[in-house]
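Naming follows writing order (A, B, C and D), and every chain is counted from residue 1.
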């Protein structure tokens, strides 16, 4: 393996007996006590220190994704904790496993759609035309447009206007935010349905404004929800619901078999 | 199930079509743009708003646990991503699964030890006597004392003095911090070994100062490391090491079988 | 790394361009079509070919652990699949994460207890005395005796007499099976309660008869339940329950917050 | 919830105090000791008892996927076990999380491709034409054809001829097996490359012969690999490689940072 020692590398962090350095900064002395968790997440991912504007926007982006009540993800984590309370980390992991294309992961779909809309569109694209083409393409493929529509939050998702307001205040209401808004209008026009931009749609656009690769965008929901799930597990440890739910569900689901 | 509808409940959050409320606060209007991620984690877990002192300490506590280079956890996440790049959430989950009694989870052991030391010790315990008893008990059971010793960071773990300094500055250097320091001194005296208080030992004590139940303490490492792992997966997606490592490891491990 | 190439090794399997060899056997030609899955699992773990008796017993042991209706583990897997149907493997993983000290993992506790009972007991131990000591020790520590008692299956767990019958027929009803039976009798006598040997208690004893290290015994439940969970996910994909349950649970749990 | 009690159901299993019934069969008396693990998996998934031919083929199908040496999945499981040896189930779960579109999950892609090729092709399709169309479609989309090619096993994957031989012997070498063989020939002709049908390609075709929905096909690899991973964790517990690998990898990856 000698000949290959140069070719694996990580640029994130290193340790020596008396130092721990993350993204070029001394963790104890340049980071601890001087940065908040969202800013440190920004540093970890981008290798850059967030500006005050980026800090406000990125913290808000992550906070939006932490908690949304008793979700399937929270139920999975609580059920897992019931069987293995000694493995709290495995209960969080179980809850995270379901953050895919249906829940939370839709932020990824929204960011991907917006990046792709601008692909090859030149320096001064007609945003209205891009919106029309995007909606037409999704409709031709009979795919739902990611980031639009919500089963509960309608006619508007209350997080969206606030996120866009923050984007405006922090210099991040650029072409991606505008495009997702035009896509919404066009989609409502084309379908005749009420299709609010949901939180994952707004966040997808903001992720594009930051310049994050779409492949990592799902990761923001994952890291945020890990925090939320620890909250649910704490509550489950103090005031459990999993046992009762289990017995109720089992009884209902197999009643027809027991006759 | 009608008769039982009162008996499952969660006090964390709820949604209506036009509102999302977490711990009694309106998420869009009272939280987004007004709180950092660490403070929101504090709210999620304690249902209380962090004071400025708690905010500094809790953000530092979480940041300490985000990143520590190429750990077994990071390797597991990267290897998982190589096989299922479409399931980023599963790669993070895989990395979290190993945060148990050996790595990261030791914060839990430290907090538990400190809480138990004060059990039944009255209002004005002799801390030196508690330290001596704790060390003697662990030695009698031939167990390592959680939070002491580090394979790399010696004679001191550079995170520890900084964390204790922050505890001091923020009014959190109370009896638990003092006890873990006395336990270290006693353990070094009793064993003749250099046994620095490592980061998980310092953090365990600080978790006790906050009053967090020891059963949830591991969760801080889990939520923090989720952030770190997303950073590793982003890097793996741009500059992978998993394929090369896999082939090298497979070749080495089975060389004796292929003859 | 050159100097260390000798020191990592795996003895399980290796591949060359035209061969795949597992535990010394050519997979395509000596295994496929000539062995059943349980026997291959036995080979994978022990490096030995199961005798007909071992084959019957080991297949029965694993089958016992595959399926037990709508368990917390099955609910976790189904909830995870709802959010990430494209990541079936993550849904199985989520379901497995909860097979810990409360469910399934108790087989481990039973095997450990039985091995430890014989530690230092010499070649011709008095089984009745070992049973009495084991029960007394658990009662002194106020711990439940692993493998005894079941919330549903009483006064007997219907799997246990059948498993012991198979152990008898296949030459595996040795000292561990006898000891767990004596422990049950002693526990019922000492507590005055009905404490059937449950399936994990019977399986723990049978694992000891096989000589499996107790640390790996939980793994049998894990591999078996992976099969069961795929069955649940298949059913969930065809006839889902997770969405309805989610909405019901969320409504109930937060009704008091919405007022 | 009363009004909805009819609408969640599971047809897999149920329990009463003295019975456990899986797919209509009494587990202790009709299954244990009378069925092997592969046949029980078949029952769990299909609700049918395997014929002797189906039994041989299905056991071989699963066994093929159990073990393939030190894979990324095995490395992830071993690394996880190093950090949380008390949570064996979480180590298996971590290893399974990576069985996605790159490894193992390709069986799914192969089955999906074969089913779709026959969609709308009528009762007596021209297999050669379907093969040509399939290859042309994948090439037009610049996608690799699932189930063809292998980095190590070439010019043939040694599992494939044996699996097809078993399919022949057991009456399962029908139109899907023929089509995948024609697709391979066409792909080699069109690309000029050596593209062996790999094990996941052969297994995908055999899954279609069984009639399994393509969405569940990945599950066979997942349940099989769970067995293999328990074998790796057992070996890791007795002869660990994870610590040494970790330290080597960390040293190499961050050497350029430490300078």
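Convention: contacts are C-beta pairs under 8 Å (C-beta built on N, C-alpha and C of every residue); 3 or more make two chains touch, one makes a residue touch a chain.
The structure presented is a predicted model; accordingly, all values stated were derived computationally and were not measured.
Engineer: Which contact partners do chain C and chain D have in common?
Structural biologist: Chains in contact with chain C as well as chain D: A, B.
Engineer: Count the C-beta contact pairs for A-B and for A-C, then tell me which is higher.
Structural biologist: Top pair by contacting C-beta pairs is A-B.
Engineer: Please tell me the distance, in whole Å, between the geometric centres of chain B and chain C computed from their C-alpha atoms.
Structural biologist: Their C-alpha centroids are separated by 30 Å.
Engineer: Distance-wise, how many Å sit between the C-alpha centres of chain A and chain B, to the nearest whole number?
Structural biologist: Spacing between the chain centres: roughly 22 Å.
Engineer: In whole angstrom, how far does the Cα centroid of chain A sit from the Cα centroid of chain C?
Structural biologist: Distance between chain centres: 36 Å.
Engineer: Which residues of chain D are in contact with two or more other chains?
Structural biologist: As it turns out, chain D has residues touching two or more other chains at 1, 5, 8-11, 13-16, 69-70, 84-87, 89-90, 93-94, 97-100, 104-105, 241, 245, 249, 252-254.
Engineer: Please give the residue numbers of chain B that touch chain C in the complex, ascending.
Structural biologist: 5, 8-11, 13-14, 16, 21, 84, 86-87, 89-90, 93-94, 97, 249, 252-258
Engineer: Sort out for me which residues of chain C touch chain A in the complex.
Structural biologist: Those residues of chain C that touch chain A are 1-2, 5, 69-73, 75-77, 79-87, 90-91, 93-95, 97-105, 241-242, 245-246, 249-250, 253-254.
Engineer: Sort out for me which residues of chain C touch chain D in the complex.
Structural biologist: Touching chain D from chain C are residues 1, 4, 7-20, 22, 27-29, 31-33, 35-41, 44-45, 55-56, 59-60, 62-64, 66-70, 85, 87-90, 92-94, 96-100, 104-105, 152-154, 156, 158-159, 161-163, 165-166, 169, 213, 215-216, 218-224, 226-235, 237-239, 241, 244-245, 248, 252.
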